[in-house]
């Protein structure tokens, strides 16, 4: 297998993690017009819970679902405590609310489980496929596969089920939804729970192939934000494409020796890409539906 | 005891007093029109009845039990459907998905869904053609048809319709009114807000005329049709305004 | 929310009032007026307390400046030759003969010293990212202090150790250290919070104030360049050279190093490794890869390292990473026919940060037989029975039973404190900073905890390191085994590469 | 911002007084002094966030990155060229301003949450890439931390905490003083206007693009200077002082401070710095450093959103009397200080009104913009959003002058107006009801009067829907033109294409004989077009006076720098602006509402304030978007007569309105739209009796002429 071909394989787990994160971010953004900066923390806390449960003897088969459920609960809690009370102020205030949630969750996790990186329990068995001189661990492939499952699951839930329809409608036009009998608040909470569940899945899996650290895992959401942004923040397929671009860039950079010497070149490339997308997407600078004002 | 009794309700948007002690009623199977110039409070009335707005004072009874302040998403299940102004569809959802959304309160009854769906498709054949198209790509008329159909999917006892004719060609409006009449004959009471006074009066049993948040005129449709001051409340008294009236002192 | 209502000045005044209230609550009651001595009655709060601070332009120069930095080498009291700890030599000061007993120790012989107390202070890391491996250091310090205080302290003076958490943030740590220099503090033992200490060294806070810092963990080269700082650990450069020498003696021809390129300890350690490998093999290490810590995946870097080492890998691979980054890197390395890539064909070595149980446990099977190096004698195997090592284990367990005694930053801080207390004892009753400094430069500290330490020749007192093998059975870590070589001396001690 | 002359922030003098003595107070230990220095660093960053996020509503999650740039640039400048403290502070400020302005260029194109992500990406890239490059960080420790040579005067050694205290807090006090000046000036009002509603700001001639760029540059400069303070205090900086988490920490300080008040920002900075003092003092806090700041932010966010800035107001509410006594006493002291200062300003408070027809010079960037050579301007105008055509202004209508002039010639026997209006100053301006206006000689035929607006063949499509189809209309000088039509007839669409909110697919819009079809809202405003909004677009937290003051933007010639340093030109411009507002307020009998906050005013008054705001801007042409909606019958009648007076003062009005009765009573000429096409035009009397219009409004009675229905498709 030629040298260069290996690297896309190596970036599969990154694409997987960022895709699940950005899907969750978009579901939340469409439902409550808020960028959930605490998304990373909603992945990190469940990963720690799973580790604690496994260390306490619970088999992974039981610990994983509980961990994912805790993510959903966390999503619901963050929306009720940090986002909904600020609804009357402005979307900016709600985003600052998620910033407070991020800070608090990272600090508390540090307090409870210690701040140093710890090895999370494996979800997928050890070992990997060998490809030429290197290979892909089952964990990494597993993460990518789970991403595909999550993406398909989200698609089916939203496109094929009644609940999904209710959520999409509520996000599109909350007033019409309430006139049809769907409580828009409930739909928003459902979106945050969905965001929490997906974040937890990505968190537990990502931790099992990398490191379980309150700050590192939480900040994994930043590249996912870039991915969601590149995808246009509004569309789920867009989020997948964005994640592919971001994951590939971070995966491929080490392959290009010129870029290797420059430290952090992957981040630079992504920043330029994201700024470009935003600059080109910005509307004419006068738009009538402006509801300005910070706090 | 009539199907809907609205008893001296006050409604305020922040500093603006939209409705001042408004009362009206709708009997079973009746078709009532709400007329009046823009800003007279017609839309606020419908929003208060359907639960989008909570009245500051007064009470609303549906089938005798109080519904003032009950939020919209709980009222739909009890038989009140509201087609708001500007049609208010789900732009990114397909026609069929919009219709399925309308059936949300009775979603458990699969058979009823297909029955209602076919009934709507019969009323509006064009919707059958555009079944999988996304709502925002429909023409104005088609969007209005989808709005009416979606509201009827929950087979309500009382249908509130706001400005059916907005931006539609008269022929389409006439067609819609025919269908409303048919639905009304099938037993659904209708309370509709309408700009086209003649169109409304020729299809409704009774009408109320609102001005500045109060009922200024009420009666059955036939007597109101050629009532002089009905036109005045819309266009202003045509014989008074001869020349543009400069400020008095100017002369 | 636009400031039409509240006027700006009122909130600012309100805040000044809050600050005033806070400082009144927080400031300690002014220290008891110390007995008449060379130092004016500097109360903790009084502006005169700024004596150590060079006179500000418009501040009145306070009368009775505190002791300026005395030139080194001018011992306060007579110094016997290599003095064994525990002697009670009597010293003459200002006509009075002093003895190392309560009531006769000359009272307040220097700042922070009184008849019954020696005040010490240090910053340590109890929150933030570093607290995972530096968090237990305070236990080592407290254990050593408790032992000495139990025996009545030193020359009748009990030790009072104040520990402040700076969250391993450089700016906050340096500010706290600068606070200590102006408070009633005699010296700063160990200072586990290396980031703040390094910044305080770089901006000359410590050398300007002339406050002794004894027993630091010596990870960064700055700690070896300040006349008032005495590290006890084996420096990163020493460990890397010793690892390379050990591998070379075992017949390794090809060398590879994977290091943390963000933090200074990574860059300087790797540079020393490269310099030594070029010296002994005439060629640079085959693989020389720097990675950024705390990333989620190192697949690309692992790939580059393996290709640099070529098929079959390098004979010896050195890892200079913090535990969690090392684990992520190892996870990113892949197995090829049953053997994890990126490890040395003959030998693999990990520097001090990797000498910790959690790393070994998290790494598991791939790290089997990997050598991790330390400048101390951890309580492992036959070393555990050596008196000082056994003493270390008892002392720290008395403070915190569940602590991981193999954590070499814990053992380092215990050893650093023991060195400091021994130096205090040697300086005797006339306890002055200058005296302590003279003692340190003349002292040689022998204990079972490490190789003999002396700061006479080069600041690199601990110039040797020894390896321990990570032992795993069926993939799970069972414990460390002795490396079988004992301490290996640094081939060129004191040499610091320019990186 | 009360109604009298621009108030120098007297509080800052008092604050400075307290700060000067602080290091010498007995209880201030060395460590507290250290915390006070940290407070200065936090205060400067908090103030920079107040300007950007508080005043202009542009949230920044990446300010630590800009602070870092300021610090490292200082390092290069000190080690490279030996530039000492006060000068390298300006270098750091310039570097911060530049980086922020570049970031601002992206901000101009995006809004709200997109912007938050852009700033977050910037700080993530700064930490992961910028502050890891050796060429950036090799100067992370500076050797020179003093000014002058030891032993000679002046010699400041900034490693000493007391010296640094004065340097740092002097910078903070100066920054707060300049920002207070900015806030109380034209630029500050432009900031609030853009935050309140960009479209309303543009309609007053404020260039939203330049205002945002100015805000980013100012905020970046302050953040850069904060970075300078950090490296001068510590002589060495490490990248972990500028990571993403630190940006969020800075935002927490600004939010706790109340985000829009300078005093609040300083108070929050002091509070957070005291935390670090408590961490140093109190043993039991060790281990909890990471938890306290987010807890504080959450507490303020959820429990007390006003933040520290709202505490004085809350205290006044709770304690009333005693609090006021103390505050009152301090205020007197402050005003005495200010009076003495103001006394030495030049006495000749000339009352001449601002020169007519001065082009709009907007802000520092605006000023530079004018001086750019033409080709460069053409080039940059291709840049999205940056390009700005500087329209040849027809000449602002100086309403006040017209009124003043008219008053002088009015026959003196109209006593009641003279008595009632003699409140301030020399000339008397009466309320509209008692005004004696000379008969305006207008050419009899409408066609002879000069057309101000000519709309020809305008067609606007939204997706498949044709909202306006080949509409043509003209509005001539000194007349009121009414535009009516049933719902969905295309009135608003046509109105918006004249106002600049949409660009028609076909056809042309000419205003003052210039083709403005492609022009932006603020360019048309600068040409001389004012407007009101159907949904009130006033600034709710400001008083009526300040809302009106914002509209004097185009007539105020003072530039950005003058706002910072409050020169005599600024004071004169401010006085003239306030005079203009008072005159228009008196004209519309809003004088006693001037000091009331817009949020607690009844709807009818708000409508009047919107109209007043359009008049204050001096626009000779005003577009009214459904001015009567929400008014009751008496208020509607009053509005109609006011519009007639305004017309007779020389203002031309174009209004769209649902209340057909009101429009027919006030318009000189009317156009009726239906289904996006022009149905009829003419004087109100003609239009009212036109059968086509009646049919359009009342809907075809089914019996009459069946064929007209058949022709129209679905």
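Observations on the model:
Per-chain residue numbering starts at 1, and chain names A, B, C and D are given in the order in which the chains are listed.
Here, a contact is a pair of C-beta atoms (placed from the backbone, for glycine too) under 8 Å apart; a residue touches a chain by one contact, two chains touch by 3 or more.
Predicted, not measured: the structure shown is a model, and the values here were computed from it.
Seen from the Cα centre of chain B, the chain whose own Cα centre is farthest off is C. Chains C-D form the pair with the most C-beta pairs in contact. Annotation: 55 Å between the Cα-based centres of chain C and chain D.
Separation between the centroids of chain A and chain C, computed from CA atoms only, is 39 Å.
Averaging Cα coordinates per chain places chain A and chain D 37 Å apart. Once the centre of each chain is set as its mean CA position, chain B and chain C turn out to be 79 Å apart. Residues of chain D in contact with at least two other chains: 54, 128, 132, 258-260, 287-288, 290-291. Annotation for chain C: residues 1, 127-128, 131, 292 touch two or more other chains. Among the residues of chain A, those in touch with two or more other chains are 110-111, 215, 263-264, 295.
Contact between chains, as defined at the top, is found for A-B, A-C, A-D, B-D, C-D. The touching residues of chain D, counted against chain C in their complex, run 1, 9-12, 14-15, 18-19, 22-32, 34-36, 38-39, 54-55, 128, 132, 141, 145, 154-157, 159-163, 176, 180, 183, 192, 230, 234-238, 240-241, 257-264, 266-271, 273-274, 276-283, 285-291, 306, 308-313, 327, 330, 334, 539, 541-543, 546, 597.
Chain B meets chain D in the complex at residues 14-16, 37-39, 126, 136-137, 139-142, 163, 165-167, 169-175, 194-200, 202, 212, 231, 234-238, 241-247, 249-250. Within the complex, the chain D residues that touch chain A are 53-54, 57, 59, 61, 105-106, 108-114, 116-118, 120-122, 124-125, 128-130, 132-133, 194-199, 202, 208-209, 244-245, 248-249, 251-252, 255, 258-260, 287-288, 290-291, 293-295, 297-298, 301-302, 305, 307, 384-385, 500-501, 520-521.
Contact residues on chain C toward chain D in their complex (touch as defined above): 1-16, 18-20, 22-24, 26-28, 44-47, 49-50, 53-54, 56-57, 59, 124, 126-128, 131, 162-167, 169-172, 174-176, 178-179, 182-183, 195, 199, 202-204, 208, 262, 292. By the touch rule above, chain D contacts chain B in their complex via residues 435-437, 439, 463-465, 480, 486-489, 601-603, 606, 629-630, 632-633, 641, 644-645, 648, 658-661, 664-668, 675, 683-685, 688-689, 693-694, 697-702, 708-710, 712-714.
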